[in-house]
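Listed after this line are the structures, all set down as structure tokens.
Each of the next two complexes has chain A plus one other chain: chain B in the first, chain C in the second.
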Partner chain A sequence: MSAQPAPEASTARRKRRSGRADGDRPMWLLWPRVVVVLLIVAVPFLIAVYTSFLSVDQYTLRQWVGAPWVGFDNYVAALAGSNVLSISALGSLGISVAFSVLTTLIITPVGILAALTVNTDFRGRALLRSLYLVPYVIPTFVTALLWRMMFLPQTGLINRFLAAIGLADVNTYWLVGAKSFWAMTITETWAVWAFIYIMVLAGLQSIPVEQYEVAELDGATSWEKLTRVVLPQLRGLIALAVLLSTLFHFNNFTLPFVMFGTPPPTPVTVLPLNIYLTSFNLFDFSLGSAMSVITLLIMLVPGFFYLRMLRLGEVTSR
Partner chain B sequence: MRRDARELLPPPVRIGATVGFVLVITLPIAFMLLLSVTPDAEVSSGRLIPSHWAFANYAKMWSTVNLGRGLANSLVISGVSSTIAVIFAVGAAYVLSRFNFRGRFPYLYSLIALQSVPHVMLLLPLFVLFSSIQTAIPFPLIGTYQGPVITYLTFALPLATWLMFSYLSSIPVELEEAALVDGATRFQALRKVVVPLALPGMVVALVFSFIVGWNDVLFASVLTSPETRTLAVELQTFSAAQAGGSLPLYGQMMGAAVVSALPVVILYMLFQRYLIGGLPAGGVKG
Partner chain C sequence: MKKRTLTRREFLAASGGALADVSALGLAGCGGGSGSGSLNILAGKSTSFPTEQEDWFKQLGKQLQEKAGSKLEWDFYDSAETEQQKLQTAMTSGTGPDVFILGSTFVPTAQATNGFRELSGADWKKAGGKSRIFERQLTMAGVSPDKLITVPFVMRPFGMVYNTDLFEKAGLSGPPKTWTEFVEYAKEMTDPSQNVYGAEMDPADSYDPWKILWTFTRQMGGDYVSKDLKTAQFTSEEVEAAVRFWFDWATKHRIVDPNSMTWEATDALTAFANGKVGMLIMITSNIDPTLQDSKVKGKYEYAPMPTISYRMEAIPAGGEPTPSIVSGDYLGVADYSDAQDAALQLINIMTDYQNQLDYFEAVGDLPCNTKAVEELARKNETVETFTESERNATPTPFTGAFGPIELVMGSVTSKLGSKIATNSFSPSDIEEQLKRANEEAQAQLDKAQR
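Now for the complex of A and B:
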């Protein structure tokens, strides 16, 4: 975060000289964003909260404001009951948490290792750095289609490989049933490990080479340099990366939606997908809203830590 | 050659890891490219190397999927929304970087905080709101370009504003001060002095904003009609239809997937230097 203090704060001199210019501060330039955020985020957010206390379905949608008030019924239903999808919000929450935590746990060491392989100077480094980014920059809907093919029975590369080394049958089904969760997690891991890699690489580049040389003069081994010199300095950055990664993956909708189609197998019904299906396939809009509010409340926890870690105020008002 | 003091991995580990990464990245992509030139019938037959290179897939797919229309829709929607987002972002970032005022920190904070609202939560209310608006005033939003455009530009604004804020903070104030002394208004100074200097930053913000719309499936699946469907939804619908079909057109599907990914991958490669700066501020990947 390279937020800098507003120059105005430091140059009181200018205030005196150009009092007129202060009069035409174009503050209205801030308004367009406020307007679109009100329209696209704030008002829909309030509507979602409100409808979560009503009973709105496809019949009452047109006059949703007048739909019957049911209090916390939707929340009870979301947490307790299992709907036609045969999975409750609580069940989906478990899948979402497992998916995002597991993905982050796998990609963190992988990302750090990848950053370490391209931290020194060598021929072809630029090419390698670009290549590492490719899976990350492929649009998620393409990644989903690509890995759908990878996991196909008989045809897919995964089954061919596993069958060749004798680990699984070539007809193993990855896209339906219990294994689908692993298919989703493996795909996500392939697509997003570069997120940690980029963050760590940026951190590595900020460590001056002299520090390594001093450590070397003191007789440090590579391992000691890594654990005593490098990682301690990157601790904050890695913590931020881990937090952000967990947040992003928790909200992933596109991957399971495109990869598994509708209706998806139960083990990949992450919370956003469950909300989507509840709202647009079962037309139980209120239940969907209640589930979104629950999602938001859960997101507040890591979100709070994220804002604290950024310490925006401290940096900008130095 | 002297050993690099930054070398933290023993050479065998480094070489082994590098080879591993390269294989894991390239094999699935090679598989996608291979399937895209495999005749549709041979994909399902379980044959890995096709009997002939079916480059015809790349010609046929344009009529099998409505790829051309999807591509055009995606270009228009992402292009317009990212352009507007960058214009809004430059204006807001200018004020944020040049003046101290009450509400400056809340505004900066809100750029990041509002991103944690789950998008799926906004989807149905947005649909309801858009239908209410288009009944009240004659401004159609659902099934048009306007609806997705205004949605994507809102989601692109935090990152775009943050990028522009960092960029404008690094442009010295003295240059605009000269213009102000010469009698220009603030807005004129912004337009004539600051914007030309900020163009490189604006291009980067434009790229990131463009990708927001290009990659979205969630909102496009509900807010567009068959005529305004974006490429992402076009492909998702096509893929869903293949699952139940007797002869899945997997070869053509992979060809279409390659064509959908290519513009974004090229854009990223050109601007990868800035990817590092933009990442922490906003989830590039949704």
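Now for the complex of A and C:
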């Protein structure tokens, strides 16, 4: 047995005495950032939770800390009650979930196909890649205004096109009634399909060329290459893109707000819009807080899966 | 397991980020609200004349510096939503602008927050005095004449604009004085084959519907809210008649574009500017720059809106002419401000004769300074028309619940418009929507009583 301490052990002891060692960086420098993030994230969240148990409105806003305590009344109202928009938080939640899941289901295969089309080199590929990004880089409020004009009855491009090919009447209403949900979904699909495309394209670029060559040598068809070489390697990345995409659509406030104005038609009263109108137009800040807390709790579920995926990625990479 | 160490890149990112975060936090603490020797005002942005508006504020700044030794800083909001959010943020945090420019229907909400200085006699003297202010505007300056929290700044009366070419073609000599005439004239001008309609509707707009329906309701002798501000009256005969009359334009009289059920105010204005609408109601003179630059340039005139209800000969008992709601912008001093004296001096400067005339020249908003607006009215027919409307304007119910009540009515019209558009409308829908709206409105009024 050696009497000398192992070199690593002495290095570790030196590190503990001085707080730093060669190649290590002092972790305490992260604390200011942690504190600031806590202040920006944790404190507002705690305030939201607190106000959700009070009755804070335009009359009690100035002394909101001491506003009347109402317990879980706001949560009951959020889940069960209807408001001037004729829809509860639960109803808006259903619309938000339907909107985000449907949009993601549509853009995922579209984004994957688009990435595949520009994965191999060809003349004009750079231009096509840039064109694919155009909808994604346009600001959401501009997209909303443009598509609102396109969906107008009689004069809008959508109706004129559909009428020209005999699929719909030129006076079809897209901005009111049940069709408003589809107008919102179509617009969102057009605006953000490139997100999946970008993520998948990045993944495709990391697949070694040799794997394609080996597959070809083994006599694999294009379909087999896609399903047995490409997609299995992109599985984790696509899952992550799908999850982030769903979260993004769920939280989209700007599109329905700009496209439909206030008050919006019931089929497009997504949860963020309902919370905004409840808080800032009806001045029921407490009810808005309760709805926000409910939203956060629901978002923790996909958030949990997201973090799990990240951690699995770390374990896999070690 | 190997211990996780921080790489050089992570270290630099974290250090830089920590420094940035701490600096931002420190700087944020320095900002917000006015510092010593400066005054901050929050104003609505003029979308048509932003540069001219900035120049006017710069002039104001020079005058304030001379008179009060204070520097003027200004911030703009570009929509009613932003105005509300900034006000709410300021009220919650106790810091923010010293002076707010508030829309008339937002003054009741501002008063409900108890965040504005109640103006005493001495304050009014510092601010220039009540006597020089256009009297009608004072009815929306506070909950009662002895509890005023704002000073009127500009007037924005409502009226109508009509297409003189379409009037001529239909053989009509002048604008309608009653709503019966309005409907008749609109029918004369309507020609669906040319896509021309005598009137328009914008039930999807956030603001116009409640104003239009409230105007009809008041002219019939009713109101959204009882005189004591305690009871919602959405299920009253007058409100139901008002809603029915307006939607009859589409379903019975057919004097509006069938596609207008999704229109907002801008869509209606566009249709008028393209020569497709004979009469456009609930507009202010601020649309003039748009019309001057349109197909109807030189082919339109302004007029007050009719004041006598459909199928009536005169205004009934309890009714008012209501050619317009009392409308405009008001100046309020935040009671958290540590520069309230300077704020009152600023208000004095902003509402004096010359500055009011200059502001009209800059952005086209009518002065609240009586001498200034009467002088303009003598020289300009359009100003005279709108000033006359405002002289007889009716103030809306002064309750902190009125903001939500506006949304309640907006929701009613939006849903009815949607039902008409999707061919699922039946006349009983009006009663059903108003019953639900009444419950919502009553809940808001009950909150105001607590």
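In this text, the second predicted complex is superposed on the first by the 270 of 318 C-alpha atoms of A that agree within 3 Å, B and C clash if a C-alpha of one lies under 4 Å from a C-alpha of the other, contacts with A are read in each partner's own complex, and residues count from 1 in each chain.
Just so we're on the same page, a contact is a pair of C-beta atoms (placed from the backbone, for glycine too) under 8 Å apart; a residue touches a chain by one contact, two chains touch by 3 or more.
These numbers were taken from a predicted model, which means no experiment stands behind them.
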Chain B versus chain C as contact partner of A:Pro139, first or second or both or neither: first
Partner chain(s) touched by A:Gly177 [first = chain B, second = chain C, both, neither]: second
Partner chain in contact with A:Gln233 - chain B first, chain C second, else both or neither: neither
Partner chain in contact with A:Leu30 - chain B first, chain C second, else both or neither: both
Touching partner for A:Pro263 - first (chain B), second (chain C), both, neither: second
Chain B versus chain C as contact partner of A:Leu39, first or second or both or neither: both
First, second, both or neither for A:Phe280, with chain B first and chain C second: both
First (chain B), second (chain C), both or neither touched by A:Gln154: both
First (chain B), second (chain C), both or neither touched by A:Asp57: second
Chain C versus chain B, contacts on chain A by residue: B
Residues of chain A that lie at the interface with chain B and also at the interface with chain C: 24-27, 29-30, 32-33, 36-37, 39, 61, 64, 154-155, 261-262, 280
Residue ranges of chain B touching chain A (in the complex, touch as defined): 4-10, 14, 17-18, 21-22, 24-29, 31-32, 35, 43-44, 46, 48, 88-89, 91-92, 94-101, 104-105, 107-110, 112-114, 116-126, 128-129, 150-151, 153-155, 157, 161, 165-166, 169-170, 173, 177, 180-181, 185-187, 190, 211, 214-218, 222, 232, 235-236, 239-240, 243, 250, 253-254, 257, 260-261, 264-265, 268-269, 272, 275-277, 279-281, 283, 285-286
Residues of chain A that touch chain B when the two form their complex: 1-4, 6-9, 11, 14, 18, 21, 24-27, 29-30, 32-33, 36-37, 39-41, 43-45, 47-48, 51, 61, 64, 113-114, 116-117, 119-121, 128-142, 145-150, 154-155, 157, 160, 190-192, 195, 198-199, 201-202, 204, 209, 212-213, 216, 222, 225-226, 230, 240, 244, 247-248, 251-254, 257-258, 261-262, 272, 275-276, 279-280, 285, 288-289, 292-293, 295-296, 299-300, 303, 306-307, 310, 312-313, 316-317
Complex contact set, residues of chain A against chain C: 23-27, 29-33, 36-37, 39, 57-59, 61-62, 64, 83-86, 152-155, 171, 173, 175-178, 260-266, 277, 280-283
Chain A contact footprint on chain C (complex, rising order): 5-8, 10-11, 14-15, 17-19, 21-22, 24-25, 81, 84-85, 88, 91-92, 94, 109, 112-115, 204-206, 258-259, 261-262, 264, 267, 400, 403-404, 407-408, 410-411, 414-415, 417-418, 421-422, 424, 436-437, 440, 444, 447-448, 450
